[in-house]
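I'd like to ask some things about the structure below.
As written, the chains take the letters A, B, C and D, and residue 1 is the first residue of each chain.
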Amino acid sequence: MPGGEATAYGYFGPVGTFTHQALLTLDPPAPADPVPYATVGQALQAVRDGEVAAALVPIENSVEGGVTATLDNLAYGDPLVITGEVLLPVQFGLYARPGTSLADVRLVTTHPHAEAQCRRWLADHLPEAEVVVGGSTAAAAAEVAHEGSRFDAAICAAVAGDLYGLEALASGIADNPDAVTRFVLVSRPVPVGQPTGADKTTLVLFMRENHPGALLEILEQFASRGVDLCRIESRPTRRTLGDYCFSIDAEGHVGDARLAEAMMGLYRTCAEVVFLGSYPRADHLAPDVRPGTANDDYAAASSWLERLRG
Amino acid sequence: MPGGEATAYGYFGPVGTFTHQALLTLDPPAPADPVPYATVGQALQAVRDGEVAAALVPIENSVEGGVTATLDNLAYGDPLVITGEVLLPVQFGLYARPGTSLADVRLVTTHPHAEAQCRRWLADHLPEAEVVVGGSTAAAAAEVAHEGSRFDAAICAAVAGDLYGLEALASGIADNPDAVTRFVLVSRPVPVGQPTGADKTTLVLFMRENHPGALLEILEQFASRGVDLCRIESRPTRRTLGDYCFSIDAEGHVGDARLAEAMMGLYRTCAEVVFLGSYPRADHLAPDVRPGTANDDYAAASSWLERLRG
Amino acid sequence: MPGGEATAYGYFGPVGTFTHQALLTLDPPAPADPVPYATVGQALQAVRDGEVAAALVPIENSVEGGVTATLDNLAYGDPLVITGEVLLPVQFGLYARPGTSLADVRLVTTHPHAEAQCRRWLADHLPEAEVVVGGSTAAAAAEVAHEGSRFDAAICAAVAGDLYGLEALASGIADNPDAVTRFVLVSRPVPVGQPTGADKTTLVLFMRENHPGALLEILEQFASRGVDLCRIESRPTRRTLGDYCFSIDAEGHVGDARLAEAMMGLYRTCAEVVFLGSYPRADHLAPDVRPGTANDDYAAASSWLERLRG
Amino acid sequence: MPGGEATAYGYFGPVGTFTHQALLTLDPPAPADPVPYATVGQALQAVRDGEVAAALVPIENSVEGGVTATLDNLAYGDPLVITGEVLLPVQFGLYARPGTSLADVRLVTTHPHAEAQCRRWLADHLPEAEVVVGGSTAAAAAEVAHEGSRFDAAICAAVAGDLYGLEALASGIADNPDAVTRFVLVSRPVPVGQPTGADKTTLVLFMRENHPGALLEILEQFASRGVDLCRIESRPTRRTLGDYCFSIDAEGHVGDARLAEAMMGLYRTCAEVVFLGSYPRADHLAPDVRPGTANDDYAAASSWLERLRG
């Protein structure tokens, strides 16, 4: 890093990916000259290496579920934290080099998640076509744009189709027109931001023993403090089949007393708790704070106890 | 209190009650000249009024259950705290004025708990006799000792029979020979003692609403922190039928982090938590401290959280 | 029982007790010529012996709590079942032989529950008087009515005062004017009645082991099936201190699928479940049937499972 | 289907996939002439269409987690059931056309799960190479075997490398040498087989409302009946972000009373329960049957209740 600390952001690219689109909606805006990386892993490694100040990567899609490359890299790699999130509706079209007609399409390329989200349309409209999955939807568009490409068409965003000079053979081809993808902005560990009143906290929890009631115990640590979860996903720990860890988004901020108490409870009972950050929710939804679980309630209880202890 | 602070102890008397016997086993020993009171209520009021420094009263019997006069007085009266407990095996005999034979016994007097504990013996040996219940077993012995008493015999402890000059017509007459009564030493609010590693904490819990799951929620506040209970008793709140509070003995000391967290949880969710003291257990049984619930575990979790909050 | 099966009802007497008053409100009415018994135990034994067809006894008071003589007799004695309940507001007065004035009263007699409920009034109005507790409020009135009685006054119901020719020195003397006592009609085991839609079921539950989480497990058997409890009371099992059983009233009828499943769950996990009957609630309150817990829901689930098992 | 019901099995092919290897280990053996399909979706559709009697597809990998194509197809497609499972250790090698050396490898192809499992090896040994993911490891080997293929090497099983005439450039290249994949044998709905004493049941559960405690309630339905889970995975319901269903493997057989009761509880409280079959466990592990949860315990409880109901 000659010349000082990196300030640019990396993202899961190339130019034209949904992640790239999401990057353009960041508030406050991303610094100039964002850096595309071909895989999530490379983008996150660039953050660790200090090549970029932060990186935006997809973490979850409303149709396909968790992005395992992101989940596992954050869970198992060197420490990183999430400092923000973006939600983006995802819309797919079928794009080809000018002059190609739908009837010509034999070989399609796209990202696995895009393939999964357009399966019904493909079965209905291109039952004979083969689909080869690649690194990203924008990379697929770029590949198709090559003059000598063996691929006839790409499934990608309109932005990517336009960018690489392709023409739309069909648009709005996702089986579920309301699909949304969630992206997270990731940086090296930094002091956690102030609570905004509508925050989310991401944790990865590893059990001491993988006994059957372990997940129930984890959920009770949250429930008994009135903390709701917005996402829970089991991931294999890569040891033996049936050995899982849990990736969780909890409502609230580590600065909230109820979540802090739940997290300390998890810390005491889990083999390991990976804290991946407290950050403002993209949907600005404030949590449902149950009676007796506000910060003031915790403070009053603490004062009472101190008086009892004399 | 002319002449300074009272130092003597009161007890549920008169001389010769089981409470009196229990008082003699206190460790450290009770100050000289203990003061008998005819009812539990009078003994506790004397503590509140500063007539005595503390009072010993029965709270629970292994056959008859809770002593409601004690439970309710502690729960509803002006604040008092328990600073110690005593366990005493209780053995009953039938005592009469010299010259009385078992065949002469028509009218027996004793305390209601004693009557309840000797019912089978009475049915077998004195099926025709009537039993009138009075204030205490020792008072019953004293009553029988009066020359002109209409009572022929008293059910009481050997100590009381001897003390009042009676003779034993039968001994070991309790239906359950292993009955034990538990007594508590009560004083005006004082700074809580140091944890001994084998302590008990007494609480009375009032619900915000008397909804059906309320007791379940209370128990979960303890269970989720690994705190075991040694006694739980519902008591009517004296408002409407079906409206209860719960008198509870929990293992551990208010100085133990896991119990402190449970108590703060109760404070936040209950309408009222009455703290009746943390004190050494008479049986010296140390609690089962589950993994992750020791004071060190709490301290480590707290440090971890402070680091996260940066 | 010469001449056939007993049809009369017994009750906790004598004439003039609150139980007697409650008996007069039974619907359908009690058969003619009810039989008073001096103690709860004698009334219940008369049922077992076939002397009476059923007996009415007090089980719970909104101020004093459970009537332990009744609870323990039903839990530990030969099988009996509850077939109905009555609620009765209880009002106390101070009654004396004609010619006695309040200033003359030195020695008062009554039932222990009545004494407990009028303590404040006694402290305020008769601070010097002694109170001797006896078998029932009506027996106390009868005792005072004796010309040569050493007692100056009885605390009892107006009905009892009138019946025994006494005059009221004071009325409405209970510390809590809204106290209610609940009575149960008990018979030898009979086929359980039809559900009315507003029923109650009484059970006594003994743990396999007295481990700390045992009560939590019991409560979860009910909660997980959406069954609410209206009463729960711990009672010592008469073995060692800290060894309890639980006397419980659950909402609903053994004919309700959700309660039946909860009861079978308890049967499988408890050392013993004593079924004391399903009977109409005196307050006619229908239970809150949560979604998925009605009999139809259970029937639909059962049909579904049968189809799966094919 | 000329000539009658299909008897052959389909599988996720082509020849040489891990699924194909797993198929060869089936006990009892698969019928002759298994039919390869290029995708999981095609294999399962062939079962629905009656082209094959059953199909073997991967469902879970100890490193990469659930196979979402399989999970979602079973959850959302027309009804199918699992009748058996196979576990297979997965070992990867790098295979190329004869004459290729490691230094020549620029472009590698394989299945996405294989790419994910060999990432570290690739980074260490082929940092410059690109990886294009395709439909299966065997298809990748077949692709590389084409004389004019633009791919230099495939990551696949030794079986596939041999089958397609490739040579190993490296073997044992998985980052985790102990990775295991689990496959399920799927057929159209058939009567469920007899319990073997070591069975597994697969369910998909949709919530009525996606409230935060919904997962806790599901887990309690199992836990309260002593049923352990061996796998739980959240999957988006494809409606909105944060709306999940849960794919679950529970220990036991629908013929086991405890699991049957849990399933009926889920049926009553969930919006939908998809039953995907009860079948013998590949590891032959018998469940831990807790006291009171065996079939005999359920039968005894049911008899008791019938007696109470008279």
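What we mean here is this: contacts are C-beta pairs under 8 Å (C-beta built on N, C-alpha and C of every residue); 3 or more make two chains touch, one makes a residue touch a chain.
Listed by chain with UniProt protein names: A, B, C, D = Prephenate dehydratase.
Everything quoted here is computed from the prediction, not taken from an experiment.
> Expressed in steps between touching chains, what is the minimal separation of chain B (Prephenate dehydratase) and chain D (Prephenate dehydratase)?
2
> Averaging over Cα atoms per chain, report the distance between chain A (Prephenate dehydratase) and chain D (Prephenate dehydratase) in Å.
Measuring from centre to centre gives 25 Å for this pair.
> So the centre of each chain is just the mean of its C-alpha atoms; given that, what is the distance between chain A (Prephenate dehydratase) and chain B (Prephenate dehydratase) in Å?
About 59 Å, centre to centre.
> If a residue has to touch 2 or more other chains to count, which residues of chain A (Prephenate dehydratase) qualify?
220, in rising order.
> By the touch definition up top, name every chain pair that qualifies.
Every touching chain pair, ordered by label, is A-B, A-D, B-C, C-D.
> Any idea which chain B (Prephenate dehydratase) residues touch chain C (Prephenate dehydratase) in the complex?
Answer in residue numbers: 41, 60-65, 68-69, 87, 112, 116, 119, 132-135, 150, 176, 178-180, 182, 212-213, 215-216, 219-220, 223, 228-236, 238-244, 251.
> So in the complex, which bits of chain C (Prephenate dehydratase) are touching chain D (Prephenate dehydratase)?
On the chain C (Prephenate dehydratase) side, the touching residues are 191-192, 208, 220-221, 224, 254-255, 260-261, 263-265, 267-269, 275, 291-293, 297-298, 300-302, 304-305, 308-310.
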